[in-house]
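Presented below are the structures under discussion, each in the form of structure tokens.
In what follows, chain A forms one complex with chain B and a second complex with chain C.
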Partner chain A sequence: MSSISIKFLRRIGRLGFTPYILCAPAIIILVFFFLFPAVMLLSVSFFKYLPPGTAIGKMYEPTFTLENYMRFFKSAYLDGYLWPTIKVMVTSTIIALILSYPVAYSIARSPPRKRKILTAITIAALLVGPVVRVYSWLVILSRDGIINNFISLLGFNKIEFLGTDLGVIIGTTQFLLAFLIFSLSGSIQNINPSYEDAARSLGANEIYTFIKITLPLSLPGISSAVLLGLTLSATMFETPMVLGQGIVEMLANLVFTEISFLNFPFASVASVMLLAITLTISYGVNYLLQAKIKVR
Partner chain B sequence: MAVTKIFDVELVGVTKTFGKVKAVDDMSLGIKPKEFMTLLGPSGCGKTTALRCIAGLEKHDKGDIFIKGQLVNDVPPYRRNIGLVFQDYAIFPHMTIFENLAFGLKIRKVDKEEINERAKKYLELVRLPGYEERYASQLSGGERQRIALARSLIIEPTLLLLDEPLSNLDLKLRVQMRVELATMQREVGITTLYVTHDQGEAMAMSDRIAVMDHGRIKQVGTPTEIYNFPQDKFVADFIGEANIFSGKILERNETEIKISTDSDLTLFALPAEEELKGSVYVSVRPEAIKLYKQRPPLKNAFGGSIEAIEYLGSYVKCHICLNNNQKVVAHILYTKQVPDYFSPGKKIYVGWEHEDCTLINR
Partner chain C sequence: MEGKISVYKICKIVVISLKLLTVGLLLMPPIVVATSSFNPTAFAPFPPRGLSLRWFETFFGDSGLISGIRNSIFFAVLSTALSLAIGILASFAIARYNFKGKNLLDALILSPIVLPEVAFGNALLVYFYYLKYYNHTIILLLGQTIIALPYVFRVILPSFYGISRSFEEAAMTLGANEIQTFLRITLPLIKPGLIAGIVLGFATAFNNFSVSVFLVVTSTQTLPVHLMGRMRIFLDPTIAAASTFVCLTMVSALIITEKLVGIDKLITGIRWR
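Moving on, here comes the complex of A and B:
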């Protein structure tokens, strides 16, 4: 890993200013449309909220206050939004990772033609619009949906998916699958199959080969897939809105609600919290996984 | 199928197809105990597939593979106890050299002390003592190659398979390693199957060579047999260089065989031991062809002119066009007179002895 970045830095040194010029457009766009709004967001979260009618044409007053944060931490917001967000993020990423790894592995180890077809199918899953996708799940998961009809046919009690964590997690996991499969299969493909052949010739059966060779060598891929899964699931909005039925809500839904009440400072607090937990969890996971990656 | 005790490894009619391509086609081969056998052939001739079938990494469609007299068709690779060295070495990058060496031993439940001892012993064998704590990324190509060899030998396998292990090394190291590899093989005394497309490696290292083309074995023999008595046009052409004339046998008696080539040359060869049909190929090695200023007193002597000359250090490669437009190549040892006598455009004679003509059935 580090040798690659050292080589990269050396190359930059040789190229002079060219890399900076090439990066400039992206950096300018990021500064204006990401960094600047992010700073704005952070500062607004410390501003005083003016309820409608208090001052004409003003939604907040630029004086420093912690009352927005106090409100967030002292009331039911932690249990109502923060905790469900973390729960959905972590569970659906873990489930999606477990489900997508075997698929990604078989794609990566397929002959080129088959690999192209399987990859195309994976991409096709991404082409379904978010609204169509989430309403399809509504049809499948509702009380009179396909699954519950089948379950009651077998004589079991119906399962409540809508308005529960389970429903939101199912929807989110499915959304993540295509991304994770895509990201994992790329990195598994980079693992030289002769490592696995070598292990088998040395006496390792399939399971031992997987645990000792394939899995450790795919840790970099797993690490980036997990980061992708966490960041994508953190910003879930339409899935909890439709499948959560207003009972299970995530931070993105809180932001939406507060903005519709024109409470920009509190919406900013929710956004800052979303950013904070995403960064914290991602950093933590990355730290743990990177420590395990021994490939130099 | 009869299995003889002579062979450590025996392939009987092994066939492996990929889609429509027959990668290995009805291959039968026996490797004797402690023998260094080489599968030699151009890339894509099926030699690596054959090796992978023996290792069990590829499942053959037809035929039987025996290792030490035991039928292994349905034995998974991890139970065949075969040492395998890959072209790209496949040293596990997330493990130290010691962990790499210990990998196969831990599976075999060898106790810790013995693992340490054996790791030390095999690192000494491959002349890399003290390399236990390094990673593959810290080693050079040649060092990785030796570690791969040590890792495959440390499990004390019944058979060692090497898949073009030297092809990723630079020329000098390659030549040096092939001597070392052959020495180590003899030191350990392990039955070895070596796969390569490099005839130099095959000739230098092997007890016997099996020449392969299009999934089939063309000839099996010692390096000298293969070089001096090719039984097949492909073998004659692939091993070393050869001038190959196609022709018909005109006359044969107790002292010689007279052949007329399609290009209207009349060649004379010694009577052959094997059965010959009417149509034959005549193979003449370039180093057997000598150049003369005057017509030599040989029956195989023809006039021609030099077209081009390549100086290749110790010898000179002459491209000659005979008077009937037949092209031949001759290798002559470099002497100081060479540039004066033999330069492009010069009229010369070429000649060779009866015994230099090898006859191959068409």
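Moving on, here comes the complex of A and C:
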């Protein structure tokens, strides 16, 4: 029985179909449940929204309209809707970059034992999901939290972290750290250490070697870490949801809010814009950087 | 000369304190969550005022949390298994064959990383609403499988490239057929990649909130979704107890990985660029 099936398989193999058969499950699941939904998302964003009560059991009418996009750009312009998103993205990426570089450097250049410990800590931080992390920030930052308790013990006024940009930036920065550390450590590892050794043997001290050799050579790594930080913080969802308390609303939260109001077309517009922003950052900026290198 | 030394020292101190701050921030969530879950009072877990298992009692008596854990494990295990099966087949094809559309397939499998999770959750919701398909178990399973797939794929594909073909050729020469060779030779050789894939896939699916929240109904509510729903109301140490449980699961997964294959295997799956 099995020899027959093997023979059958070999016959198919000779026709050159084997790789396609092996890939079929991946192709089917991704086409039907990833690509088609994505196309559906894009089309719904152009559909006409029907407020609840206008038509029973229908949330949108499949007629083409730019209404949803107009509403998005109008409120983005008038209410400064994208401001909190951009502020959080830029600030937390910069802080996370400064914080993660030293650890990334240690991972790349330390003896195996120390490297292993730092790697384990970073992976553990990643495996502990965003929900647990956001709860730990709630314990620290809330009005009855650790920091405010300490502050009131010292006799100062309590600081409001929740529902402010500051709270969201703190949470987002912590979220980015582990990703940036691995991104940076990879590019630092790729720098040949003999360049640094050469500088040192010619009399440069650690700081001079770092500024003149390591930092310039790790610039491509830094730029891709920045892009990574920007895309990840743009799509952050749990952190602004809890630490922003509905006051600091980022684009990802707009998607969910609109879904809970059953406005599928407008939620889809927000999703499409979110994708547009991340694609622009990761490909557009990358393209610009490469063009600049070519000009040189 | 003296001035130079002091600048050097200041730089050194700044770098070391940055490093300590970062490591502290990385370790903070599990530490804070664990201390507040063992703290007898509801507020201000620092400094701890004693040791109590009170919140674990309420945690294990909480039907919502327990069913959340059951659902999370159920969906994470199934979707890891699915994405592992799909990922193994596809990466074997990509590593061993030259065929038209190979690069396209590679891009397709990695593309769920590019689409923001919130947008993907939204897309699936809209899609299944359009199809009028309401089997919520299948829907959530599909969503979690697709987001776990790229991570699984990224650790398994390099391990296929990493093994020498001569082992397989030897087995074939000795009379094993293709399937026997794959099951007895190839799979055992990529075991480290498989274990790393299982850990990453499980962690991705188990921790996921951004996609799941769009797809769950009360009966399929996973732990992260349940926790997030309660987190917005008030600071409840029962959540800390549940979070401690999550941390323990993840840390033990990490220790098991380290003992079996070494944690470095996980990095290829995590590293973005």
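Here is the rule we use: the second predicted complex is superposed on the first by the 232 of 296 C-alpha atoms of A that agree within 3 Å, B and C clash if a C-alpha of one lies under 4 Å from a C-alpha of the other, contacts with A are read in each partner's own complex, and residues count from 1 in each chain.
In the analysis below, contacts are C-beta pairs under 8 Å (C-beta built on N, C-alpha and C of every residue); 3 or more make two chains touch, one makes a residue touch a chain.
What you are looking at is a predicted structure, and each value in this text was computed from that prediction instead of being measured.
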Quick one: chain B or chain C, who's touching more of chain A? C
Tell me which partner A:205 touches in the superposition: chain B (first), chain C (second), both or neither. both
Contacts for A:80 in the overlay, against chain B (first) and chain C (second): which applies, first, second, both or neither? neither
Tell me the contact category for A:163 with respect to chain B and chain C: first, second, both or neither. neither
Contacts of A:213 with chain B and chain C, given as first, second, both or neither: first
Per the contact definition in the header, classify A:195: touching chain B only (first), chain C only (second), both, or neither. first
Residues on chain A lying within both footprints (that of chain B and that of chain C): 205
Residues of chain A that touch chain C when the two form their complex: 2, 6, 9-10, 13, 16, 18-20, 22-23, 25-27, 29-31, 33-38, 40-41, 44, 59, 98-100, 102-103, 106, 116, 118-140, 142, 144-146, 149-150, 173-174, 177-179, 181-183, 186, 205-207, 224, 227-228, 234-235, 237-238, 241-242, 245, 252, 255-256, 259, 264, 267-268, 271-272, 274-275, 278-279, 282
State the interface residues of chain B toward chain A in the complex, per the touch definition above. 55-57, 76-84, 86-88, 90, 92-95, 103-104, 107-108, 135, 137-138, 151-152, 155
How about chain C: which of its residues touch chain A in the complex? 4, 7-8, 11-12, 15, 18-19, 21-23, 25-30, 32-33, 36, 43-46, 85-87, 89-90, 92-94, 96-97, 99, 102, 105, 108-109, 111-112, 114-120, 122-127, 129-130, 142-143, 145-146, 149, 177-179, 203, 206-210, 213-214, 224, 227-228, 231-232, 235, 239-240, 243, 246-247, 250-251, 253-254, 258, 263-264, 266-267, 270-273
Which chain A residues qualify as touching chain B in the complex? 3, 192, 194-195, 197-205, 208, 212-213, 216-217, 293-296
